[in-house]
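Take a look at the structures below.
Consider the two complexes below, in which chain A is the common component and chain B and chain C are the respective partners.
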Partner chain A sequence: MGEIPRNSLRRWLFTTNHKDIGILYLVTSLYFLVAAGALALLVRIQLTYPNMGFLTASAYNQAITVHGVVMLLWFLSPIAFALANYIVPLQIGARDLAFPRLNAMSYWLLLFGGLIAALGFFTPGGAIDTGWTVYAPLNTAKYSPQPGITLAGAGLLLLMASVTLSTVNFLVTIFRMRVKGLSLLKMPMFTWGILLTVFLMLLAFPPFAAAVLMLASDRILGTVYFLAPEGGALLWTHLLWFFGHPEVYILLFPALFALGDVLVTFTKRPIYGKKIVIAAAIAGSVLSLMVWGHHMFTTGINPVWRKIMTVLTETISIPFGVIILAYILTLVGGRIRLRTPMLFALGSIALFIIGGITGVFNSSVAIDYGVRGTYWIVGHFHFTLVGGATTALVAAIYYWWPKMSGRMFSEKLGKLHFTIYMIGYLILYLPMHALVDMPRRVYTYPAGYGWELNNLLATIGAFIFALSWPIFFLILYKSLRSGEPAGNNPWGGWSLEWLTKSPPPPHNYDGEPVVDDSGTIRITTLPTNGGHAYHEHYSPWPITISLAAFLIFLGAILFLPVAVAGLLLLVASVVGLAKEGLAEKFKIPEAPEGARWPFTQVEKVKLGVWMFLYSEAVLFGSLIGSYVFVRLNSAAWPAPGEVLSITNGAVNTFILLTSSLTAVLALASVRVGNQTGLKAGLLATFILGLAFLLNKAVEWNEIFQHGFTFSSGLPAAAFYITTGAHGAHVAAGLVVLAYIIAKAFKGGYTRENHSTVEYFGLYWHFVDIVWVFLFPLFYLI
Partner chain B sequence: MGLPLPAVLPDLEEAVDVRVLVYVAVWVALVVFTVIELMLVGMPMTPITIALGILGLASLKALLIALFYQHLIGEAAWVKIFYAFALLTAVGLVVGMITGI
Partner chain C sequence: MPTIAELSPITSQWQSLFNLYLTIGTVTGVVVISLLVVNTLRYRDRPGRQNPSDAIEEAKIPAERGTIGAALLLTLIVAGILFAITIGTMATVDLIEKPPKGTLHINVEGFQWGWRFTYPNGRETVNEVRIPAGEVTVFYVTSTDVFHKFQLVEFKIGVDAIPGKVNKIWISTEKAGEYLIQCYELCGVGHAVMAAKLIVMEPSEFKAWYEGGGA
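After this line comes the complex of A and B, so read on.
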């Protein structure tokens, strides 16, 4: 489908080009910003004076919740991914991301996820209203029966599917698709920021995915993970904050590292101590996976654990101090040019320092007992997330705008924008730090506590701050209409993206970018790496698959026939996708040379599968952890053999172990060109997998009859959710296997060319490994 | 180039035979460990000992599958390091949850 005109609707729906998708992300995230910003204004109006009746309590709760969730997950992360999509391949000299269709699917899943969550406003009881943390047991059907919460859960699941695909995609792209000479250390700061971001996402999202999965099951099937006191609030907070703390770095890193590139360009010197900055960021990332307990100081957890978390939290402020210090040292003695991007960059650094300092106060258990749940906390995280991250991303958009649009914007208006933005910002958020005793998330407040002035100021500030955004959009619009042509490198930047045209051609570079030993970048005219071998790719399946997922969830929650339509669309799309695969339409050969350390020997699809499996390991770890948690918390638990038949479990274990053997034998056969062995091995694997699922169906039916129903208690909840998730993985494996078998029977695999068989095996054996643990945990212990 | 094909084939086949043998041997080990797990159930030992024994065997099985079926044994070092890091993350979460009680 190479002939779609560049400016048609079909282009935007079917595109797989990273720059198009970057623009889609940008427009979508700004749309969500406006929507969530409008909700925030409603909230601020309600809080202007004591005892206001502008919003009802319920409307307030919906507004504040949707505001938080959308700002974090549908604005701040996606806008970073807009830039990442557009800029990262350019910065590493790649033609596109490693898996363009998956990239398109990431975008559509994100959009449909946002839409399904937003539908909640139109259902009885309204949208999700639990606060963005969706704490248990308020999130259960018992206390919040409205479908709005289930819809939000579905939206989150789609979002997490999107995140998983894009993390794998960016990891593989950055590791495998750098141009010759571009070592990891030579990568520009922004690409580093995205690398760290997606790495954290890969490990931090799965626990949250597990929690939402469990919640969805509780709400739709009636399991009791979060209703039972042995699971409940504490289980949810663990999983949520294991995700939630790294999430703040996930939101911060793209911004913080984009700042790095802006600083380099506008001070005309390299980042001071770049290696140390990167090392500090890596240390901060690792630490961020270990400090989630500081959000749980007041939950009554183990005091020793609290102390450890305090120390670790205070430690984590060191790497961030180091990074900020390096930035300041970069500024000192640099030839600073105060253009609009640089102004926003400086503003961001200043605000982030304040947010970091208030954070250190929070990490003291003693102080936190006082400030937890107050506007002080709201002030703290808005300084980091809005002051630090959002301001830096505005800087980044101004910085790369000429590259993306090919046009300059008005500096004068840019400075006006900055002034209004900062004034509004400070009037909005500074007063919150004085409201150290005003509880957050309450829809109104009484007079006479001395809260009046600061609330009034915050509301006034909110409107000034809000006003700065239309100015921003106007500047961009005017630039598009009548801006000066930007040329390749309007700012005098030092990284690869500034060597190509603005906006870049579909294939990014005419010629071949290279980086030589001294770090000098240039474009050679020799198309050595098959430079012109790019052609436009369009595929309808990313959008139809995402739409199908949307319909299936919608149907399951609101109106079942819709789910049937979704299922049909899914089947049709998967068949279409398989046909594209059989025709090898998207087979983009890897360039023969390139910087690929530390995965020089690992082919890109294989690396993608491995990365995916890492996140899967954490997902199942979280499910198993939840099971262990509730089990240790429970006074009684069925003994082995009491509910579940050990024989049954053992039979299924032997079946699955054997299916791994047949899968690996199929691979051994094709390696020597033995087609019969290949087909026999694959078929045997398929039949064994099917047998596993059938046996399971019989088992579930039987124990259901005996009263071990979804809602019968925690043992049932843990069993059905964990082994159900595993069964779904087996089923998904069978779908892929069916495709592989079809291809094998067409002679599609040869002695030289059989990587798909191998990579499928990686997944299949992983699923086997999971069962190796589930079997003893649920049947034998 | 121009070499008669059979000159290459035999030792390829041989290499494969060894591989197949390893695969089958691993499968036998997996089955045997599973049988031992089953035998441990109901042994006259404390439930904790039994649980640890069984989970130890399960870990061993998982390791065998990873090393020989996923071919981790010959995989690039960083694939293993990342795998280990992901597992460590999961274990850290579980341990944190349990000890936080």
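After this line comes the complex of A and C, so read on.
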């Protein structure tokens, strides 16, 4: 593609530059904040007095649900990723993220996911109204038939695709694209925060993706996973909270670590115990994967397990306590400048302390018997999510704003903003802690239980707090219009992003940054090819692919012809993308000698494939785990051979394993330059894969005839969903394989250059291994 | 209104545990936030204040500071506080989960949107349950449709009502009177009004009602 002028719409639609995408994320997440904030105000108006008639029960439930979902997934995470997109490559001295087009796709999938979920408001029955936790079996079509919930599920799936792409992208970028001399431990705090965040995302999102897939199947195909009394309701809570607890750290880490950078700059001292803080955060992340049971204390789960969860949860407060104390120690002996970013940073720490302490209450299984489902909880999590995380991200936006815009903002208005923000905040959320016994998620409440005053206060506070946001936007707008030029390093920070222009040029640095042995960062001048020409930064396919996914979901849920249009667009886009790939247009230069430990030897794309397969393994692990869970809870289950033919399964196992072998042969051939062997191996793999799918189709048809249909019970639900997901992976593999075969017949792979064949092999073997688990689990026992 | 202590042993124990957390939490919060504020004020920049000796500089990786010893100390402080309150939790949770003997057993079914109570003699009531004062009542809670939570509002205690699963919760109170039972888990449009009356009667009155079979 040719040059696109900077001030055109096409720039924003087709950009793949990390800074442009960061800005898109920022604008989008603030938009979602305003929308979800408006819903919260409606909720607060309804709760001002007992027995108000402002919202109906149904409208109220939609309002709190969409408020919660959007705030968590379409505001707080994306706004952190806005900063991550813009700042992380700068902080490590990279030219862009490792996979710019995937990054653009992450953004568009997020946006279209939000739109499809929001469409629910315009369908009969309205938007999703089950609470953000979407508990089973209320979430099934039997109890909530409205399309709004299915649309939200589609939105979540798009969001999770976006998140998966982002995690892979950031992991590879941070591991592979640091400048020479910037070891992991020397990285600025914010980049560390993002690294930990994406690691947790990689582990926490796939189980949720599995749960949403199962729910989508229940709602669209009529399977009965979550409807079944054999554990359906509990299964959902397990999957949801296995995701849900790490998710709070996913939301917290970018903010908490951005605070680190702000503190260092405005105290002029290094973080107290940086290694300790990082170690504590890693410990917290590991623990966060083991404490989901504290959300299930009142479900009657095993008492011993409950006590273990109590102890583990209280243990998890230790690392966070340590981090906060280390931050306070950072202040000691510093030279603290109380500029706007620092004020918000300190405010955030104070509020997070309170939220952390009330969290310890909830970790007690005994106290939880009383407070689960009350306004005390609402108060607690707003202190962590809004007081802690959101406030810290406001600090971070103020901190990096001069870098992003090239302009300063009014310090006076900034302080005014801070004052109104804090006053509103405290009047809004402190009273909720006095409502220890008031139920949450109720559109109305009776008088006479002592709840009136605190609800009135909270509503007043909500409006004051809401008022602080237009002030924020006004400050940013004024700064853009008429702010003082910021210069490279307005706050006197040390890290790399402050060494380039504000805003940075498209290729970030005019030269190559390096960190020498004494720890000094220099920008060496380079021969001109190091800079990244701007026109390379465009691709139309990320947005069209995301739009296609949007249309396909929309069609599948509401109106089928739309899905056909989506499918056509998808095919066209994938072909376009493949062509771009053949032309090798996208090559983000890595620094010739970067700091790449621990993945020194692994090529960029290969590392990406590994990370992706890792998340896939967790996804299948969750599907298999769910099957085992319901099976152990069921009294009866068809005996082996009763429904599924063992022979048939064995044949398919044989076919698939053989196809792994032919894939290996193809790779071995191209390694020695044997083109015929390559083509034969690839074709054989393709034919075997196809045979596997055909055999499955015949099998499904047969058992369907015999009454083993989608809706015939738990065994059918588990079988169709798990092996169906596997079959979809085989099919996707065949699409990629078709592209590889086409390229192979054009002589596109040589002895030196055949990495795609190798990466495809990794994926294909993975899919085969999954089947090796599925065959015995479903056919033999 | 009866005082918390008069309501039920588990409620008073719950409240004293909550108060323990509240005391320790408030003290911790005040101390830590004071540290934050005091240090900010003490080290804030003002005329004459010098840069610290290890001050950060542009384009220079900051020096490391902080020791492992300090980290261990911090960890121990936080862990010590948590340890104290965990002990309290364990005692309370046993009381909540192990009802004393000699009790009235009532089966509770949550449904969209109400509560059905079944007594040992087969008697059934909806959205209203009567129990005798001074005796232990155990509720066996389940659901016939979606996920609910059976909460005894004044008693500050409750347990989930889950289809396919029975959870129990007990109370015993000396104070006759009317109390509120409310669903505490979002269960659809009727959730906010999914309430029932808990009527605690003098034992003799209860006996008459229970055996009389009247309304």
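FYI, the second predicted complex is superposed on the first by the 763 of 781 C-alpha atoms of A that agree within 3 Å, B and C clash if a C-alpha of one lies under 4 Å from a C-alpha of the other, contacts with A are read in each partner's own complex, and residues count from 1 in each chain.
Heads up, the rule we're going with is that contacts are C-beta pairs under 8 Å (C-beta built on N, C-alpha and C of every residue); 3 or more make two chains touch, one makes a residue touch a chain.
All figures in this text were calculated on a predicted structure; none of them were measured in a lab.
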Joint occupancy of chain A by chain B and chain C, clash or fit: fit
Touching partner for A:A731 - first (chain B), second (chain C), both, neither: neither
Partner chain in contact with A:A38 - chain B first, chain C second, else both or neither: neither
Chain B versus chain C as contact partner of A:I646, first or second or both or neither: first
First (chain B), second (chain C), both or neither touched by A:A668: first
Larger contact residue set on chain A - chain B or chain C: C
First, second, both or neither for A:S622, with chain B first and chain C second: first
Which of chain B and chain C A:T310 touches, first, second, both or neither: second
Partner chain in contact with A:V772 - chain B first, chain C second, else both or neither: first
Touched partner set for A:S660, first chain B, second chain C, both or neither: first
Superposition-derived minimum Cα distance between chain C and chain B (Å): 10
Shared chain A surface residues [contacts with chain B and with chain C]: 234
Footprint of chain A on chain B - complex, ascending: 12-13, 16, 19-20, 23-24, 26-27, 30-31, 34, 37-38, 40-42, 47, 50-51, 54-55, 57-58, 61-62, 65-66, 69-70, 75-79, 82-83, 85-87, 89-94, 96-101
Residue numbers on chain A that touch chain C, as the complex places them: 57-58, 61, 129-131, 133, 135-138, 143-144, 186, 228-234, 264-265, 267-276, 298-300, 303, 306-307, 310-311, 314-315, 317-318, 321-322, 324-326, 328-329, 331-338, 346, 349-350, 353-354, 357-358, 360-361, 364-367, 369-370, 372-374, 436-437, 439-446, 449, 489, 492-494, 498-499, 515, 519-522
Chain C - residues contacting chain A, complex: 14, 17-18, 21-22, 25, 28-29, 32-33, 35-37, 39-40, 43-45, 49-52, 54-68, 70-71, 74-75, 77-79, 82, 85-86, 88-90, 92-93, 96-97, 112, 145-147, 149, 151, 153-154, 156-160, 162-167, 169, 180, 182-193
Parts of chain A lying in touch with chain B, wherever the complex brings them together: 202-203, 207, 234-235, 238, 242, 289-290, 292-293, 296, 301-302, 305, 598-602, 607, 610-611, 613-615, 617-618, 620-622, 624-626, 628-629, 632-633, 640-641, 646, 650, 653-654, 657-658, 660-661, 663-665, 668, 671-672, 761-762, 765-766, 768-769, 772-773, 775-777, 780-781
